[in-house]
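Letters A, B, C, D, E and F mark the chains in the order given here, with residues in each chain numbered from 1 onward.
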Amino acid sequence: MGLFSPSKVAYAHCDLMCGVYDPAQAKIEAMSVLKACEKYAASDDETFRQRAVLIKEERAELVKHHLSVLWTDFFKPHHVEAFPELHDTFWKAIKAAGDAKKSMDVEVSKKLIAAIDDISGIFWKTEESKASGVYPQ
Amino acid sequence: MGLFSPSKVAYAHCDLMCGVYDPAQAKIEAMSVLKACEKYAASDDETFRQRAVLIKEERAELVKHHLSVLWTDFFKPHHVEAFPELHDTFWKAIKAAGDAKKSMDVEVSKKLIAAIDDISGIFWKTEESKASGVYPQ
Amino acid sequence: MGLFSPSKVAYAHCDLMCGVYDPAQAKIEAMSVLKACEKYAASDDETFRQRAVLIKEERAELVKHHLSVLWTDFFKPHHVEAFPELHDTFWKAIKAAGDAKKSMDVEVSKKLIAAIDDISGIFWKTEESKASGVYPQ
Amino acid sequence: MGLFSPSKVAYAHCDLMCGVYDPAQAKIEAMSVLKACEKYAASDDETFRQRAVLIKEERAELVKHHLSVLWTDFFKPHHVEAFPELHDTFWKAIKAAGDAKKSMDVEVSKKLIAAIDDISGIFWKTEESKASGVYPQ
Amino acid sequence: MGLFSPSKVAYAHCDLMCGVYDPAQAKIEAMSVLKACEKYAASDDETFRQRAVLIKEERAELVKHHLSVLWTDFFKPHHVEAFPELHDTFWKAIKAAGDAKKSMDVEVSKKLIAAIDDISGIFWKTEESKASGVYPQ
Amino acid sequence: MGLFSPSKVAYAHCDLMCGVYDPAQAKIEAMSVLKACEKYAASDDETFRQRAVLIKEERAELVKHHLSVLWTDFFKPHHVEAFPELHDTFWKAIKAAGDAKKSMDVEVSKKLIAAIDDISGIFWKTEESKASGVYPQ
């Protein structure tokens, strides 16, 4: 847990960090998207299925929001230099969240989760994640 | 990661579970509350301090929301039997989030985080957390 | 109307009261949940029925929110002593709002309304309700 | 309580009514606006006063929302004929909510409450309020 | 573009203007409502159609919000004198947005757009629009 | 107006387009951010200034949202090929919205508006903007 580990000392001296960031937020919502698809497929109750579509829409929107915040608030120019694929990775991950809105296919949700895991991999390679993140992989 | 571990099999047979739950969501927001207080204390810029109050308010509201969802959506009657202090623990934790709205005192935020950690402890003792949770302690 | 009655004098000297609370807010939304179910049952228009599911979901979510606020912001430890069933009553009422999300059955909505009426009964027995409440039963 | 009184029979035969409406929702939020102003005036704590401004802003926004819904969703052309001042009354009431956002003056909040009471007076004179309203004056 | 044109000088001396207003916001959302209806009609995919209903509901709600803000925040008493039909025009336009929620009929959406165009016509005839508006017709 | 021009024919045959997009939405909110800064600077009323900070925060958040939607929902891989700077332009524009949250400096708001104008320039160069956009530059 970065904030309570020795790395917190680094944070305490860091004027530029301005918040807590963790890909866990996007991941948890993406897990809900996946479960909504699984449950949709397993049910033949009309109201249940409608609610699954509705709830999945909200959860996928939250994924988009959390990823967008991470991309523009946590990552800094030196990260873009270190990870030249950063922008494209985020763009595709947010698009994957959009795809997950459009589809009830479990595979589409799994691609979204994989895309978030890729972002998580980059996030936890950064020095700043130690002070900002809460749930290391 | 509960969802991809063997415990997922249990989940697959569980008709009553209906979503992904994880105290991590409340914890991350509570960490933001704490940081907002720390930064408020360290700044003498009027606009910055106003924004810290404002952002802390939103984050603490999200803590309340995540805790309320956990309390009523995840926990079931047999959990209340197993953890008789469950209701009171949640009540005090959500009140602690309310206290954190009212105060810029770092200690108040830390009490909120401790309260969430207590809830997290209970959560991860439940059998159902293995299928519902994402970030085990 | 508590706020404009003599009890307001008490309020004026009470530093701890911090807002207006009234179970009426939860009740009105629960009434909308009930009507959405009644209208759903009476219609065979596909779009109308989808919208009923959607609107009911939002209204039931507002019920949950209003009840959660009441539970943690209005009620104080001495109320829990006076009404030992308080936590469980709220827990079940908020769960009833969750049940009302899942079902189009009018009876499920009526149970939610009955649960709110129980809470309303407790609320208006408190001394503090006279200064905080607006629509006495 | 309209919905459980004999007037509900009328409602049951009314295809056009589509929801629960009650000026109580706007009134309760306006009461919170008033209390926020009173507490602001009584406090000299900087953070408390900032939060009072913030919370009042949200509550007044909710007043605007509830009034707007009432105006366009509940009222029908025959009401405009019966109450020719209807549009202007709502316009001024919603403007009063805007004024209440801009000011910490208790008198401004009281004008807002009076404006809502006027609307409530009109609302409860309508035949339809018996089936739609929940908290008769 | 009013804000960068000579009319900005007038704005700079105008203490009463308090924001940027433009019917374009309502128009863009109404266009989305129309497209959602067109796409709904052209599709026979159940999930797609459910999402069209859902997205249209949100977009129409935003139309209502933008129109309500315009009506009560931008327009002043002297506008009501100059445009006596102002209140009724807004009332009917917001009702048209409500109708657009209830229907998947493309014609209903087109009526909403026409109603917004009428409001836009009034808006851009006002002197104040030059300083407040961004996208003149 | 793209939607009502001959280009609409192209749209009618385009299965992939799924909504109305227009940088005007981000621009209008960014204009509000600018005005909030101008008014803040011109006022010495404490409550007014607090509200300016608060309203600016909300408006800048809406700018971020609208830009994020534009980036991931409107733009497609062939646009990234045609405009290789696309990702970086959006990243910097959304960061500029974040900067505008942090500052009351009018110049910071103007940089945000300039960044949106750059995006608008790219948007209206795309073929797809003719069917999706509403307010051509």
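We take it that a contact is a pair of C-beta atoms (placed from the backbone, for glycine too) under 8 Å apart; a residue touches a chain by one contact, two chains touch by 3 or more.
Small disclaimer: the values here were computed from a predicted structure and weren't measured.
Within the contact network of the assembly, the step distance from chain A to chain F comes to 1. Considering the contact criterion stated above, the chains in touch with chain D and with chain E alike are C, F. To fit its Cα atoms onto chain F, chain D must turn through 120 degrees, a value rounded to the nearest 5. Contact count check for B-F and C-D (C-beta pairs in contact): higher for C-D. Interface chain A/chain E: under half of the residue numbers present appear on both copies, so the contact uses mostly different residues. One simple way to say how far apart two chains are is to compare their mean CA positions; for chain B and chain E this gives 40 Å. One simple way to say how far apart two chains are is to compare their mean CA positions; for chain A and chain C this gives 34 Å. Chain B and chain C, compared by their mean Cα positions, are separated by 23 Å. The distance from the centre of chain A to the centre of chain B, with each centre set as the mean of the Cα atoms, comes to 18 Å.
Contacts with at least two other chains are made by residues 50, 54 of chain C. If touching chains are joined by edges, the resulting network of the protein chains shown has some other shape, matching none of path, cycle, star or complete graph.
All chain pairs that count as touching, in label order, are A-B, A-C, A-E, A-F, B-C, B-D, B-F, C-D, C-E, D-E, D-F, E-F. Interface of chain C with chain D (complex): residues 3, 18-20, 22, 24-25, 27-28, 31-32, 34-35, 39, 134-135.
Chain C meets chain B in the complex at residues 64-65, 68, 71-73, 80, 87-88, 91, 94-95, 98.
Residues 50, 53-54, 57, 101-104 of chain A are the ones touching chain E in the complex. In the complex of the two chains, the chain A residues touching chain C come out as 47-48, 50-51, 54.
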